[in-house]
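Going in written order, the chains are labelled A, B, C and D, and every chain counts its residues from 1.
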Amino acid sequence: MKDLVQSVELGVSQRKRVSGLKNELVRVGLAESLCTYVMMVFGLGSVAQVVTGQGEFGQYISINLGFGLGVAMGVHVGGKVSGAHMNAAVSFTMCTFGRLGWKMLPLYVFAQLFGSFLAAATIYGVYYEAIHDYCGGNLTVTGPKATAGIFATYPAPYLSLITAPHQHHHLTHSVIGTAMLLLCLMALSDQKNKPAAAGSEPVAVGLLVLLIGISLGSNSGYAINPTRDIAPRVFTAIAGWGGDVFRSGNGWWWVPLVAPPIGGILGAGLYKVLVEMHHQPEQKERLVEEFEERLALE
Amino acid sequence: MKDLVQSVELGVSQRKRVSGLKNELVRVGLAESLCTYVMMVFGLGSVAQVVTGQGEFGQYISINLGFGLGVAMGVHVGGKVSGAHMNAAVSFTMCTFGRLGWKMLPLYVFAQLFGSFLAAATIYGVYYEAIHDYCGGNLTVTGPKATAGIFATYPAPYLSLITAPHQHHHLTHSVIGTAMLLLCLMALSDQKNKPAAAGSEPVAVGLLVLLIGISLGSNSGYAINPTRDIAPRVFTAIAGWGGDVFRSGNGWWWVPLVAPPIGGILGAGLYKVLVEMHHQPEQKERLVEEFEERLALE
Amino acid sequence: MKDLVQSVELGVSQRKRVSGLKNELVRVGLAESLCTYVMMVFGLGSVAQVVTGQGEFGQYISINLGFGLGVAMGVHVGGKVSGAHMNAAVSFTMCTFGRLGWKMLPLYVFAQLFGSFLAAATIYGVYYEAIHDYCGGNLTVTGPKATAGIFATYPAPYLSLITAPHQHHHLTHSVIGTAMLLLCLMALSDQKNKPAAAGSEPVAVGLLVLLIGISLGSNSGYAINPTRDIAPRVFTAIAGWGGDVFRSGNGWWWVPLVAPPIGGILGAGLYKVLVEMHHQPEQKERLVEEFEERLALE
Amino acid sequence: MKDLVQSVELGVSQRKRVSGLKNELVRVGLAESLCTYVMMVFGLGSVAQVVTGQGEFGQYISINLGFGLGVAMGVHVGGKVSGAHMNAAVSFTMCTFGRLGWKMLPLYVFAQLFGSFLAAATIYGVYYEAIHDYCGGNLTVTGPKATAGIFATYPAPYLSLITAPHQHHHLTHSVIGTAMLLLCLMALSDQKNKPAAAGSEPVAVGLLVLLIGISLGSNSGYAINPTRDIAPRVFTAIAGWGGDVFRSGNGWWWVPLVAPPIGGILGAGLYKVLVEMHHQPEQKERLVEEFEERLALE
């Protein structure tokens, strides 16, 4: 009887482990999708409102606030379940530095793309009349009444003159923006330094994104997030803006995909090498270390 | 003697229970009225200041801040007494998800209407000269010097062209705004996720309302609150703007009454289904669950 | 010997009590002066910068932030020593509701006037060239290049047309602004409701002042603080603007002195009557109360 | 054997002390450099974006936010390692009041200069095309398309008319700005008063810097930080703006070097004399004091 129970228990715990893993994936995927969706609805909504409002319903700083506070709300929504990366460059950097298993990366990327695409569709629905009223029904990527910039990033006009061989300029801008993002994210979560106070992390991360928009945003709409960028770009290609969304800016579209992961590793790495590696061990760790050293001497 | 005391005690406690309930209703009703009043004085005041100031005393973002911080102060005022819903869609959603008894709904709605109406009267008093100076004494709902928008929401011009059969557009906008509000409110108060830090809830909810104004506000003055909308509308109908406040925008007035409760349930439901339902039980709950499972097997 | 020591001790403790009281007055007075000075340098500085900058160095919202964050810094500076009222209407209301001894009121008022006067002189010094460059050396109270409004409040043009018999309009505006200030201050410090989180009081009070500027500020530069108003007004009368600072706006100068104390008592009283009085006693207090009731019955 | 171990231990601990000191210097220097770099990239970036964006990518308040939030992020990055002064006037004042050893001052100054210089180079790289597009490739210090103000502070035009004998005007402005900075920093960290809540120091300091920009910034781009000023000035002299960066404003360049340390000591000293010195000793300290007094009497 006891044996039977044990073997049944074993079966149950095995089944539970398998279904637990599946549940865990569903749980994390749904949360990551929902928080990305929330962040993007608020972010894209603020751009749509500023562009179609022509100065009457907010200015550039409204967009900075829209993405900044949008990220803060996203962190509240996804927070303890998926970590609320909402950005493939963040997920990629977390994998690189061992804070997330590589196996989870595809799930995160897919969830972010899914949430981001749905948000683009939602904002197009909400601002459908406003967009068509603004541009006279002519959905364009460039020109004075361009509206594609509501959904994805495009380089500033003075950057779009750069010819293909100098595309590394674009890359550099995007790399630096994402490097600053990850460098500061590392500091905000470093418990041996001066991290964001417990409970205030969502707002702290939101202020960081607001700051990047204020300081490093004008060149190209702060292209620091691959999944945030490509999904709405694909949406606009389908919804009526056409292939120009990929041709514009000398084929700029791939920059926000390639640069952020590089920048993320660079920024997080810099913080690790210049600050984190030099943290002194806590009292207890230090005693253990000294004891081992003494032992080695005897 | 002992029996007498007991029966008297019983009487006292019964009387106390009845008067306690009555007291409780008065207590909650007064707090809900006062916090709604505070929120609305600040909110409507900020619109009045921007409209009559013609750019000199604030811009659109001042209105976002006025309602956002007004909500934060309202939560401080009503906070632990009534919960400071200040919005019938919030109260309705709380009832639907069992966080408030349905019996309390009429009290909340009435208190909110009362506070909201008084706030409209207060702001009309404070800005009486400013409004009459601005519009030359001509109180209108539409046109370049319209002032009804200080008190209630109206659809943007490009939306008012929509004919009656397409009124569902209006509904959709309003539904989505309130859905985002309740979705994030659920996250901000979900203790198993990443809620607002203890004590910072008022500011967190304020930032959420600020964000909705920045991202989803231009279509129709973010119509996400039925009680905030109808009471000042009735006030303006009486105070001199007349029946146009109901006719304007193809009879838009009922949209802010019907859409928010739908949106509220949609948003809160989404959060429940996609995040809250998947929360893993705490260690202790898990042990109990496993123990019961084992028992069931034997 | 022992007697001697005791009598000496008594003398010491009496001397200490007297010198302790004197020290206490100095301590509180200096802190109240310094925090008022800090608040006013930041507040007046932000107005000076916006007025003389002509749109290039900030807009109306910068002034709201200047006074809001200035108040926050003032609370950090005076905080636990004097309570950082920085406003005679606040001190007066605190005395009325028993939170400050009436004997202390003159000290608070004097300290606030002193700090406020010094701040006006400091800002005139710092912005001397900017002010003279802006107005061509012609220091006026009204007209397109008026600069007196940097230092004290004046009614908006449409309000200055009001003739003397209707001065109660002015009073009403000022009363309501200060009532909202004190009503919310009471809520922010009510430990049985939803007060500002411990440590975040300075920022919470700052956001409240920011909000009043955004919502109730355009009529008359939010005249909610007597000591903040009269000291810089006297300074400008001396420094070159002359007697117009008292004649302007049909002799408006006395309104910011009389209205705020009335408003303060009204607002704080409203909160007390509508919310604070209805707080249920804590569990322990309730048991004591019930016990006494039972005793009374026997 | 035991003796051997002890003498070896002594050697180890001596070696450790020496290498510990060296490590400590490297550790602090790297952190101070990195946090200054982070603050300056965000700060200078926000100026570059506003100047080259010509009103489309932010306004003056974006610069206030850029430096304010930049300082907040810098405190998160350097926080517990170096204290994140990011300003030689802060380090100098800390040394004067015994909170930092004078031996450490050169290290702090050098680290700040290094981080500041690198940040100037980074922002020139990121905004290279934007700057050249804006000014037509003509890098000037004055005139309508001047761009040197992106990197270092220059006096407002009405101040540059001041002739050399009146340069003390410049000094006064700069002294007062830095005095307010240090006065408030002292209050924010005074644990016997109302300091910034634990964990919220970075944001509190950021709001202070934002406030100084809003209130005391227009005269000369708030010149309150010597190391933040001179390193980017030298960078621009090398990078193409030439010797004008030192000649402009009647040789203004030395003011931001000399005035802030004076202001820092003045402001921190004022707080000490007017508030900190009067703090009453804690209960325990008071008992010890009274006991000693009684002993002295016997």
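Here is the rule we use: a contact is a pair of C-beta atoms (placed from the backbone, for glycine too) under 8 Å apart; a residue touches a chain by one contact, two chains touch by 3 or more.
The model shown is predicted, which means the values in this text are computed figures rather than measured ones.
Enumerate, in label order, the chains that touch chain B and chain D alike.
Chains touching both chain B and chain D: A, C.
Once the Cα atoms of chain A and chain D are superposed, what angle does the rotation have, between 0 and 180 degrees and to the nearest 5?
90
Going by C-alpha centroids, which chain is farthest from chain C? Tell me that one.
So the chain farthest away from chain C turns out to be A.
Counting shared numbers against all numbers at the contact of chain B and chain C, is it over half, same, or under half, different?
Under half of the interface numbering overlaps between copies: different.
Between chain A and chain B, what is the gap in Å from one C-alpha centre to the other?
31
I'd like the Å distance between the centres of chain A and chain C, where a centre is the mean of that chain's Cα atoms.
Taking the mean C-alpha position of each chain, the two centres sit 44 Å apart.
Of all the residues in chain D, which ones touch at least 2 other chains?
Answer for chain D, listing residues that touch two or more other chains: 59, 61, 197-198, 200.
Where do chains touch, given as pairs?
Those chain pairs satisfying the definition are A-B, A-D, B-C, C-D.
Under the stated contact criterion, what part of chain C meets chain D in this complex?
5, 8-9, 12, 23, 26-27, 30-31, 33-34, 38, 41-43, 45-46, 49, 52-53, 56-59, 61-62, 65-66, 69-70, 72-73, 75-81, 84, 122, 125-130, 133, 197-203
How about chain A: which of its residues touch chain D in the complex?
Within the complex, chain A contacts chain D at residues 59-61, 64, 156, 158-159, 162, 169, 172-173, 176, 180, 183-184, 187-188, 192-198, 200, 204, 207-208, 210-212, 214-219, 270-271, 274-275, 278-280, 293-294, 297-298.
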